[in-house]
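Below, chain A partners chain B and then partners chain C, in two separate complexes.
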Partner chain A sequence: MTQTTHPDVRGAGPGPGEARVVSHRPGGPLRRLTRALAPLPWIAPATGLILFVVIWPVVAMFQTSGQHYSSLGFDMGSAGWKNFTRLFAEADLTSVMVRTVVWVVAVVTITMLLSLGVAQLFNKQFPGRRVARWALIAPWAASVVMTTLVFRWMLDPNNGAIVVFLHQLGVVKDFNGTGSNVLANPVSAFCWEIFVAVFVSVPFTTYALLAGLQAVPADVYEAAKLDGASAFRTYLSVTLPLLRPALLVAALINVMNVFNSFPIIYELTGGGPGNQTATTTIFMYTTQQTNIGEAAAMSVVNFGFIIVIVLLFLRASKWNSAED
Partner chain B sequence: MKRRLLALSAIGVAGVMALTSCSSSSTSKATTSDGTTTIKLLAPDYGTAGGPDSSQTYWQGIADAFHAANPKITVKVQTIAWANWDQVATLIQDKQYPDILVGDAPQELAANGLLYPLTDVMSQSTISNLIPVFAKQEETSGVAYGAPFTTSARAMFYNKKLFAAAKIAAPPKTWADLQADAAKIKALGGGNIGYGLPLGPEEAQGESFMWMLGNNGGYADASGKYAINSAANIETFNFLTSLVKAGDTQPSPATTDRKTVWSDFAAGQVGMVGGSGALIPIIKTAGKLQTTDWGVATMPGKTAPLTSALAVHDDITAFKAGGHAAEVKQFLDFAYADKYQIQFDNEYNLLPATTSASTSLTASDPVAAGFLATVPTSVVYPNTANWNTLKSKIQQTIGTGVQGTDPSKVLGGLQTFATSNQ
Partner chain C sequence: MTTQTAPAHAAARPAKSRAARRTPPRLRTVGLAGGAYLIAIFFLLPYLEMILTALRPHNEIRDRNYLPHHFAFSNFINIWDTGLGTNLRVSLEIAVGSTALVLLVAIPAAYYTARRNFRGKRLFLLLVLITQMFQPTAMIVGIYREFMQFNMIDSVWALVLVNAGFNMAFAVWILNAYFGAIPKEIEEAAIVDGCSRVGAMFRVIIPLAMPGIVTALIFTFIAAWNEFIVALTLTTSDATHPLTVKASSYIGQYSIDWQHLFAGSVIATIPVIILFALIEGKVVSGLTAGSVK
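Right, the complex of A and B next:
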């Protein structure tokens, strides 16, 4: 570490003896090396930091996935591909993978559609707009764990606010009875988890899109109006294409966030019953309690997912800048 | 910006240095030149950290008395809340071993060669005073590597108020009775729960075991081999499925933790629940039920109440790394005195691990006496080396077997996991 932060101290200044003679000759190999290394003191800390906080954990994760760990956590030597074969032999893995795709697609799609509408609304002048804009920040500013806990309490089968309301409407017959615990049934629980995820994702997405909308120059709308375009046509052919950079960024960040999201599912159901509401992130966590190596293998698979998504995005954004 | 990064990386370097210095200090010898020795004791907090019932107080009291009697030995006490007990695994992975560890079962640690055999760290008179059913549990291939320290037995708690309201005369003896009684309590309405069935991740292995025992099943057969998917166990889970389907339990057993069911029972909303002495302080704190409002009965079985209750225990183990066998032996013999055993049980409503303390507690505490009577014939968890890992798997998955997934599939999966991870 010390070496990378203070690289080549001897080479940077004139050293004793021979080195000084060499450094006087212009264009010598050492001089060239010195010049090449000159930016190092400036970029080395950042590079070091990235190596330390990004690359090292990734390497450690790959290493862990190839090791056999005892249940106490002691490294028992190489496991070869055994952690991966065990992972792929898990009966629940397929359903967990499918659920993860459903989770990401559903949450991001609903979030994007809702946010497009809300951003459009917030881009218009109306009384109380400032208050409304501030209010939207609340779910974003609050800790996700906190928001999720509030929802879990509201869904308590005995006295949760939502359940009490549904009881008053006559939808729920008995407190603590069948039908009162929406988090017990994997399907309804997962729907609620998607709802909470959308709830916490909409504010950021709305603001990202709102910024995009505000960047659209007014004269293009004027031109569209002069050409006699309908409101719908204007939205489709003017607003959406100009909003594409904002849409892409918002979508990518949401995909990564939602894919990696842990607290919502963990707090509402813990992935249960069994693994019936778990995504790959939750599944990785529960696997870690029985087999660290296998959990690391799951992390590697997750990492692969994310890399693929990022590559797809980079491709999409290149296509985007080429068209502009 | 760059300067900040430089500062950050400097902090990183300093952090790494601090970490390495921490780990190196732990290897330093605890015996100083003047012949005094310090041994480290690590224990879970059964009470609230910093509160009047903290286990830190209990252990510090013993440590001080011990130091007064043996001025050359100092016992350094550290307690960690049960909720943060994961930290112990980290300490052990980091090779920062205590001399004495309270809480964890010895099998896994012994398999890794970390522990003293019990005979090295406890004198024969103390060992022979341990309750046999638990002492037997400490063995790994015939050698005990730990001692039970505190125990508890399970029984069924029932709410006498709800029983009276539902016109039920006596606590149920069979599964059929239990189902009928649970249905009556549920029919009272008002959100009352017939039987609280916690098969969520907290304690699913205990609740499941109690039900398996009612059908002469269990996790292992008579020869000690895993038999999780035996016909008897599958039948048990089929019965539980019917109980859940009929709405005689709370709605979602697979995601309900024991603490939730216990606090619902303490709030007076649950007719019957499997419990141990640890439920009593929860009932008292809630203040909804008077002592006369609840009773304890033997857990019903398929055709008759259980003849052997489920009993669990927490252990004391001693690590070899520090090399303080003699000092640990002196301390453990001191700490297993009846008065300290009974002090612990009175504080937390648990049961003692020694025969002599059980005898005197039976004489003085009628509630504890009821539980203690079941201990000699009680059944304990398997003492296989992979039980801890299997337990996590059971906690995660077994609940699905009462909520629509075919029990033979769930239990079969656990059996495969148990036998393929030995």
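Right, the complex of A and C next:
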């Protein structure tokens, strides 16, 4: 796979492209003004879109978290920190937050481990490799809503394909009973939600790791072989370290996606029964139906978590590149 | 095994590895391929079940067999009577609208940042990077408040704007890479031949960057087509629900019309998977471009 060059975010020095702009020597203030405004027609539409769709909601979210709204949605003036104190007084909040951590850690860890194996396998030469790789695209391209709906259907306690299969294995004793209604029990429901989340995350992760594996030069393996390293040893001390940048990026994108994941839990259990399968994202959504100020407070907390992930990642990647 | 003498060990090793290289490759390849095919089939199973359920006759929908006795292709025809056609049209409007908007704003921005250095370029690219990191889910309350202020609840335009805004980053990264890889000389030759800068962009640059544009187009289309939470929050009436929201609204109902639900899902999913297969090779680099050094 060709490594595409990405725009140099840090690059501010005059490049070769500058020559054309400066061809008419910077003269009076008017010329300098036109030069400063020259990029506008090109980047203003994109900037405007970002400001309107991404930045504005962030501001609105923070604003809403400090406002008091009546149950009908009327603005009743400033609420100070009331939305936050009410949020933190929620009896379910602690368990929801713990569950969110379990959710993110479990899904991302299992996804990364499985994807490492699948990527290693799909990187080998065998007939039909292209077709096999294409099959993996399906859960990545399909909408998570549709995939989750199929899983809900397959987990139907009366005739779901998975339940029928588990019955044949002898795991499920009778149909329509408590044993077969896996989505009614918070523990088994949450496990299945983790399963579906892993299922839809593995394809992208595998592809990202495959791109990383293909970037490893062949002569490195040749050298390891000459040194008499075993396949396992080569994997541990050659492949994994070289794969670290790809692993890091894939892990970050997964943490973001899984933390923000909404349709899986929403479609399978809706966070219930009684918030017992809810993550902070689901909790924010259900709160929004009754108290938008408190929901905004929850999303501010979520937002803080997202900022922490981004900063952690940037630090890790800098540290990573400094080491190279 | 460890007690063997060194020369014997050294002699045995090359022989063993040569043998390992000569005879088992076939067996090893068969094993590898078998494992890979199993994994591939595993990831296709839910979509196979989706198709099978869509083809189940109404009276077999609660049967416990994996395969129906009869196939009811009529489900794909009756589905248009259920009103799903409207939702399909809404999904299409949102996807086409956001894709057009993304290309309209991302092409000039990606071209200019790939070709020129200017004050604020760094800030602009940082802003793009931020939009890629953030997802609408995290700020859904803010999005809801904003579009309520603008009285744009139940408006397809609101969904077009939000989907375009959150998917623009991918298009900017991928197009930036393509524009940056086109030699300046080609463009300058066109200008010497009498093209304006904008004319050169349309006649020379855009045709050369076509693979990148197609990738951005398909990616944005699929992302907008599959989007769920924003549409769930910003649409309230059945006529403005895209397919994803409509499909999940079936779930709350007492008796779910599963075969039609999955007939709709098949229509919504299979073309998207095929489209995605066309750009598969370029998606990872676009998704990770902003975050790799």
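Going forward, the second predicted complex is superposed on the first by the 275 of 324 C-alpha atoms of A that agree within 3 Å, B and C clash if a C-alpha of one lies under 4 Å from a C-alpha of the other, contacts with A are read in each partner's own complex, and residues count from 1 in each chain.
Rule of thumb we're sticking to: a residue touches a chain if its C-beta (ideal position, glycine included) is under 8 Å from a C-beta of that chain, and two chains touch if they have at least 3 such contacts.
Bear in mind the structure is a predicted one, so any value in this text is a computation, not a measurement.
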| item | value |
| --- | --- |
| Partner chain in contact with A:Val144 - chain B first, chain C second, else both or neither | second |
| Which superposed partner A:Trp42 touches (first chain B, second chain C, both, neither) | both |
| Partner chain in contact with A:Asn158 - chain B first, chain C second, else both or neither | both |
| Chain B versus chain C as contact partner of A:Ile306, first or second or both or neither | second |
| Which superposed partner A:Phe126 touches (first chain B, second chain C, both, neither) | second |
| Touched partner set for A:Tyr221, first chain B, second chain C, both or neither | neither |
| Touched partner set for A:Ala211, first chain B, second chain C, both or neither | second |
| Chain A residues touched - chain C or chain B, whichever exceeds | C |
| Which superposed partner A:Gln276 touches (first chain B, second chain C, both, neither) | first |
| Which superposed partner A:Phe52 touches (first chain B, second chain C, both, neither) | both |
| Chain B and chain C footprints on chain A, overlapping residues | 1-2, 5, 42, 45-46, 49, 52, 158-159, 175 |
| Parts of chain C lying in touch with chain A, wherever the complex brings them together | 29, 32-33, 35-37, 39-41, 43-44, 46-47, 49-50, 53, 62-64, 66, 101, 104-106, 108-109, 111-122, 124-131, 133-135, 137-146, 149, 161-162, 164-166, 168, 172-174, 176-177, 180-181, 184, 222, 225-226, 228-229, 233, 244, 247-248, 251, 258, 261-262, 265, 268-269, 272-273, 275-277, 280-293 |
| Residues of chain B defined as touching chain A within the complex | 2, 5-6, 8-10, 12-13, 16, 89-90, 92-93, 108-109, 112, 186, 189-193, 200-201, 247, 250-252, 254-255, 264, 269, 386, 388-389, 392-393, 396-397, 399-400, 403, 405, 410, 413, 417, 421 |
| Chain A to chain B touching residues, read off their complex | 1-2, 5, 42, 45-46, 48-49, 52, 70-74, 91, 157-159, 174-181, 183-185, 269-270, 272-276, 286, 289-291 |
| Chain C partner contacts - residues on chain A that touch it in the complex | 1-7, 9-18, 21, 36, 38-39, 41-43, 45-47, 49-50, 52-54, 56-64, 118, 121-122, 124-129, 131-147, 149-154, 158-159, 161, 164, 175, 199, 202-204, 207-208, 211, 245-246, 249-250, 252-253, 256-257, 260-263, 266-267, 281, 284-285, 288, 292, 295-296, 299, 302-303, 306, 310, 313, 317-318, 321 |
